[in-house]
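Per-chain numbering from 1; labels A, B, C, D, E and F assigned in written order.
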Amino acid sequence: MKKVEAFIRHEAFEPIRIELLELGFPSLSVMEAKGSGRQRGITERYRGAELTSWLRPKIKIECVVADGDVQTIVDTILKHGRTGNVGDGKIFVLPVEQAWRVRTGESGEEILQAHPGEG
Amino acid sequence: MKKVEAFIRHEAFEPIRIELLELGFPSLSVMEAKGSGRQRGITERYRGAELTSWLRPKIKIECVVADGDVQTIVDTILKHGRTGNVGDGKIFVLPVEQAWRVRTGESGEEILQAHPGEG
Amino acid sequence: MKKVEAFIRHEAFEPIRIELLELGFPSLSVMEAKGSGRQRGITERYRGAELTSWLRPKIKIECVVADGDVQTIVDTILKHGRTGNVGDGKIFVLPVEQAWRVRTGESGEEILQAHPGEG
Amino acid sequence: MLLLALALALAAAALLAPSASAAPSLEVLGLQGRLSTDLGLNSAWVVVAGLFVMFMQAGLAMVEVGFVRGKNAGSIVAKILANFAICGIVFWAVGFAFSFGSGGLLLGTHGFFTEGQSAFPLAYPINPKGVTPDTLWFFEFVFCAIALAIVWGTTLERVKFGVYLIYAPIFAGIIYPVIAHWIFADGWLRADLHVQDFAGSIVVDVTAGAAALAVLLLLGPRRGKYAPDGKPRAIPGHNMPLFGLGILILWLGWFGFNPGSTLNALDGRFPEIVLITQLAGSAGVLAALAVMWMLTKTFDIGMAGNGAIAGLVAITGPAGYVKPWAAVVIGAVAGVIVVFGVIRIDRRVDDPIGVLSAHLLAGIWGALSLGLFATPLLAAHNLPGSHGGLLYTGSFTQLGSQAVGVIVTFAFVFVSSYAVFWLIDRTIGLRVSPQEENVGLDISEHGMYGYPEQFIPSPELIGYGAVPASLRIGTGPLSDPDVTA
Amino acid sequence: MLLLALALALAAAALLAPSASAAPSLEVLGLQGRLSTDLGLNSAWVVVAGLFVMFMQAGLAMVEVGFVRGKNAGSIVAKILANFAICGIVFWAVGFAFSFGSGGLLLGTHGFFTEGQSAFPLAYPINPKGVTPDTLWFFEFVFCAIALAIVWGTTLERVKFGVYLIYAPIFAGIIYPVIAHWIFADGWLRADLHVQDFAGSIVVDVTAGAAALAVLLLLGPRRGKYAPDGKPRAIPGHNMPLFGLGILILWLGWFGFNPGSTLNALDGRFPEIVLITQLAGSAGVLAALAVMWMLTKTFDIGMAGNGAIAGLVAITGPAGYVKPWAAVVIGAVAGVIVVFGVIRIDRRVDDPIGVLSAHLLAGIWGALSLGLFATPLLAAHNLPGSHGGLLYTGSFTQLGSQAVGVIVTFAFVFVSSYAVFWLIDRTIGLRVSPQEENVGLDISEHGMYGYPEQFIPSPELIGYGAVPASLRIGTGPLSDPDVTA
Amino acid sequence: MLLLALALALAAAALLAPSASAAPSLEVLGLQGRLSTDLGLNSAWVVVAGLFVMFMQAGLAMVEVGFVRGKNAGSIVAKILANFAICGIVFWAVGFAFSFGSGGLLLGTHGFFTEGQSAFPLAYPINPKGVTPDTLWFFEFVFCAIALAIVWGTTLERVKFGVYLIYAPIFAGIIYPVIAHWIFADGWLRADLHVQDFAGSIVVDVTAGAAALAVLLLLGPRRGKYAPDGKPRAIPGHNMPLFGLGILILWLGWFGFNPGSTLNALDGRFPEIVLITQLAGSAGVLAALAVMWMLTKTFDIGMAGNGAIAGLVAITGPAGYVKPWAAVVIGAVAGVIVVFGVIRIDRRVDDPIGVLSAHLLAGIWGALSLGLFATPLLAAHNLPGSHGGLLYTGSFTQLGSQAVGVIVTFAFVFVSSYAVFWLIDRTIGLRVSPQEENVGLDISEHGMYGYPEQFIPSPELIGYGAVPASLRIGTGPLSDPDVTA
């Protein structure tokens, strides 16, 4: 099992979610994150004084999948996440050793996504 | 060392935290997350127009423990996290290679939790 | 590639970010987290009733770097994160198997940070 | 539809009703420009005072918003609007006639739909030093409306919206009017027992508090309020700034409430009542802050606000009867009462904004304090036949009357309201389901969060993520490299 | 600089202008203490009523804040302040003279810079039962200012700030004054056609709605409002509590708006108009809640508020002409109209706060309802020569006049505003760039978020992280071990 | 307890004090219905004007809430309530007698506890065209209370709560009354030097600004405000919408402040003062927006609001003395002053809401502008013996008096306040610890966050997670599968 972690733009998430759902991957989690990378900071002004912000808002997607599904997930994210501008984000893949479904206590690869008939 | 990551319902966290504390695991971190899985989206209404929400709020627990403690943590989460309804969440275990305590700069397994006498 | 995850105090982040930038590591992500560890809970009062809070706000830094850069990152965090009081935080290192830059679709270690000239 | 039908029926009734009065109507007099300056002045003053009282709806709304959790904040808005709306129509149709219409010791029986100028003994032309009947209507309506709004303070975060729609017309149509008739107009408590209540410590606050207690007993506490061992746990409100705004608006409104209750700008009393109101509010804040500081070593924000309300509630009854120094005493005692009241009551029943302490207890204290501190001169002025307070007269007579007034009011309102709420509980139910309570009333009763951006994941909110790819614009020179369109 | 230059020019002009009037001026009379009590009373009442209307700026601001996304909340503040400021100066310099100055059927031509007391036929001393000219100025100014504020309701979250600065002077200087002159003062619609509008269903609401429609058609919807298949999608406002506060402030303000439009505290009319205003607002809320409940089984918060506004807008025109029961009908119908209006209009054009429904449609209904429900007595009192409504007279005459009033107003305002906005669009542009819209107006137009702590990462906010290490204090005994300094 | 003791002592004193005056008291006259309509009208108008001024407490509270960080937002509420409460009691007990009681050129010496109607030369019956003494008390009290509230603007986010409790009685009891006596009542600055100040540019704003500067110099900047190299850094306030609401409430309040200062509804002056007030506020906004746009190419929200305040502060002094066109000039200059003031002052001292610019500098400018633009007619009317401004008379006499008034006021208030704050600093200390400042005043001084849900982790808030397992209900059919009870 692998965990795909992606930092992407907010507006890229919706098409990614929809396509993953269609591909049979309804299960994922997201978190708000802020990141810095190649993009420059922006400067805000408040009653004449300045404030520089280096971190820009991103969405972090976390999705644990079977080893064979990693590429599908990555491709989908790349497809919808790309605008070509700096700040589009990064994708990382980490190893996962075990997984449990809390509802039933089952563990193993088959709990990662909803069973075909269940959805 | 392993990192236990769990996506659970908010209301499950408090009993989990209390039992982990009693078991000698006071150290953990939590984050707000939103997830989708088998549960359906819900529909909100605003002045007659609709808005469908697929992501539901969850708490993500992150807890790094020694290899031998993983099962204890997982069991505690499973015990309190389960309602039997879809949306109860998932637990994942990832490998961790090294750990440091910022306060002292020490590293290694023994820094993961408070020493018995310290707490 | 490794992922450095650190839970630190808010006020430690700014000097860490600045020094990492100077060292050539502009790329990282942060998230708000809450943690419990050796520090005690604090008690708030509301119209005479009490509320005890065990979790204290922390910043979580996530930074994926090449294997050889891990120690630099860790040292920088340790240097600025330490006040000597409980609650200074922890650093963990996890293995990463692959990485992609969304903007270009490139993958590999060289996408982790901005290229020298790119800035 | 139903409403429209009702409205049309009313219309028909009103059109057919013969205009009962023989004297030249106010309307005609006014159109001919024959109203006196004094009547115009009194009416303008009382309407303006009533506007400040009306604004207390916003004050209470903000107090409640501040004291509930964010997931229930929106429901306060719907609640206030619906109750205020219902009260307007019902108090016009029947409530005003029952309370201030001429009739007898038990109930007014004239003046439905504000018809018939002579039906209102407190108003011009029957009381030519007073105000026009419509002015009186408005001033008394805003009193009824705020009393109704206060009732719901004990029920926040768990009551069904439908409960408002059933109880509001009953309260505004009959429960409140009965008490207002008995104590403010020419009912038996005032006429026979000389119960005194200048601006409503009893009529507004004890009434609201009694109804609030009735519904609370049936409703029970919010989920999680009491730990398994029965210990109360803090459920902090989510927004102290809006709470503070609410307190200040209420305080402002009280300067309409009390001074406007002179119904008169010409007897020179209202400016002193302004002073007296301020002193009691001041003393309430300071006493509550001081007591809380002694108890907890913190300056509790919510208690400071509750102290203000308690002081103001307590002075509402005696405002027109006492000297300024007494207002300081009355307000300070109320500030002490409210602190211990909130803390003690919290151990047993769950009263999120402190209605039982700040309105019921402080209202009772205010009513009784009149029996202690009323000066004989002012008592005689306000109601010939009534008595000065214990301090001046050495007599318990007025204090006794006040106690009777409180007990009768509490008993009548509590019993009648309990009956109504009991019936509601047995039929449609008073309380939302545990799931709905968990998820919050905003989403479960109103279909949308009060703060959507706080509760809905940003990727699903248009403008924060959910812009379909097809709407994206191409790349280009961006001033902020991190923003794509 | 420009402004200063303008001000100095005005100063010079004013200094040089000969004081035109021969009669002892009000100023002199007043200084000598020779004003009548009646004039003082009327002026005090109307100024106070005007203050409540002025406060509607805050009400509308909070409604708009509540109904936009958090990233555009601050821009509302700047917008309201700038428009209100511009309106004050322009309406003083020229708007008031054009609207209420003496002149002719088309436009007032006297009284620029409020000079010349006799230039204002509705004010004292020409109308000795009325108010002073400055009082009239203030009351009419706050009307113009709220109309201008309403215009922008359709443009929120995407219009350039510069557009306000160009259109506001034109609206306050000529567009609104023309309509006010025609219908409120001695213009042709009122004098020749007997169009009636007590407090502005047409003059304020139809005018504002027509301009709001004009700019909306040129501006287009917010990004993402319509799905690729054209289906509208909800863009929920971010703060229902502030929305609710806004509605209650507006409701309060309406008690200045309608009753103050008597311009008189002595004809006994204003208290009844208070009652009538309340009834229509009440009915609007209840009808909107009921219809929404039938449609969606939820008690929609936003619609309850829109219903209140619609009921109040509709009664604005007929407030001084109808019986209380009619107010219930008028308000209830408006509440129904606004619900279907919002839902239908949302399918075609993007009107974030519902101006087109709650002001334009309800305003038209209000204007027409006067032609249905006006009593002959009140019609004659308000404007000799005008007629009672269809219900009383069986005649369509007044209804027809009302329809003409609506059509003429709509046509004039829509066409003139469309022309102005078209020109702006072709020159500096009406709309911010897609990037700016995405990131929000607060940051793109005003340089800072309205809620900085919500949008700026906490490590970069001083006090939440960004305290440089050099400022840190050493370790020591801390009461909260988790807080270092 | 202490408070109660005090109150009882007061009560005893008041009971024993012989009622000094021989003339039939107002109270008796009023009870007999023998007050004149004019007195009733004046008092009603001034009380209502005072209510709008009282509401400025809420306005200032919202401005401060908006301009501080979220972790200190709740403390504003406690601060405003405590200061307002203290001011009420102290100004009644002694402040009013010192300021407006009869006495001499230095201090009033009669009328403690508002006893003795004849002790107040500005009030009825001594000034039979005026208002009742209680009316005067209220109007002057709300002035003192807002001045006190403004003082604290420079201290936000770091001052100890105890400091309020010590300084407030001193300010309301003696510092403010001295200045009010000297300039508003019959003190030497007015009587001998003819210093003029219609509604308080000096008495309220310079006074508040001088005290604010004194405490700021002792207190120092917020942690992190200045970078190690001394460069100021932005600490943005957390809520622009509430800031905007505050500005609009303050603006509304100013229409009570200035026009109400006529203390009279019958000399025809107050409506023109309404107009003049609006013009200055308008010009302040536009000038500040324009200057900021030139400097930064953004339409700064905070500066627009500061500009409004500056314009309104500046016109406060000259409001009753100048022509409308002059109000535009005065307001516009104030708008320019405030922008440069804020930016310059920010480089040296940390004034979170801009008190030193918007009140102190604009107040000084307002006081001086009277010496430039006062018309001889109005100067003579307001204070026989005073002079018109430079522009009309070519004489520097009045301008010189104004300058003396400003300097004397600043010196007296600054020195006396500095002494008091210095003593506080040496004893209990002015400032919270760095840890407390970091964590925020809400939690450190008041025991609870102003926005608990923002700062407390949701799993620990009841209703967002912390429902013990034992309270959970079993599984069952759920409408939202993701919500368990």
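Side notes on the structure shown:
One rule holds for everything that comes next: a contact is a pair of C-beta atoms (placed from the backbone, for glycine too) under 8 Å apart; a residue touches a chain by one contact, two chains touch by 3 or more.
Bear in mind the structure is a predicted one, so any value in this text is a computation, not a measurement.
Any chain that touches chain D and also touches chain E is listed here: A, B, C, F. Chain B and chain C have Cα centroids separated by 18 Å. Taking each chain's centre as the mean of its C-alpha atoms, chain B lies 46 Å from chain D.
Each chain gets a centre from the mean of its Cα atoms; for chain C and chain E, those two points are 51 Å apart. Residue positions of chain E touching 2 or more other chains: 37, 41, 44, 48, 233-237, 239, 296, 298, 300, 302, 438, 447-449, 452, 456-457, 459-460, 464, 466-468, 478, 480, 484. Contact with two or more other chains is made by residues 11, 17, 30-32, 34, 44-46, 51, 54-55, 83-87, 94-95 of chain A. Taken pairwise by the contact criterion, the protein chains are fully connected, each one touching every other.
Across the complex, chain D meets chain F through its residues 37-38, 41, 44-45, 48, 52, 69-71, 129, 157, 222-225, 227-228, 233-241, 243-245, 247-249, 251-252, 255-256, 259, 265-272, 274-275, 278-279, 281-287, 289-290, 296, 298-302, 304-305, 308, 323-326, 328-329, 332-333, 336, 377, 381, 433-435, 437-440. For chain F in complex with chain C, the residues that touch the partner chain are 438, 443, 447-449, 452, 455-457, 459-460.
Interface residues of chain C facing chain E in the complex, by the touch rule stated above, are 9-15, 17, 30, 32, 39-40, 42, 56, 59, 80, 83-87.
Against chain E, the residues of chain B that register as touching in their complex are 44-51. Taken in their complex, chain E has these residues touching chain B: 232-237, 292, 295-296, 298, 300, 302-303, 306, 339, 342-343, 346, 354.
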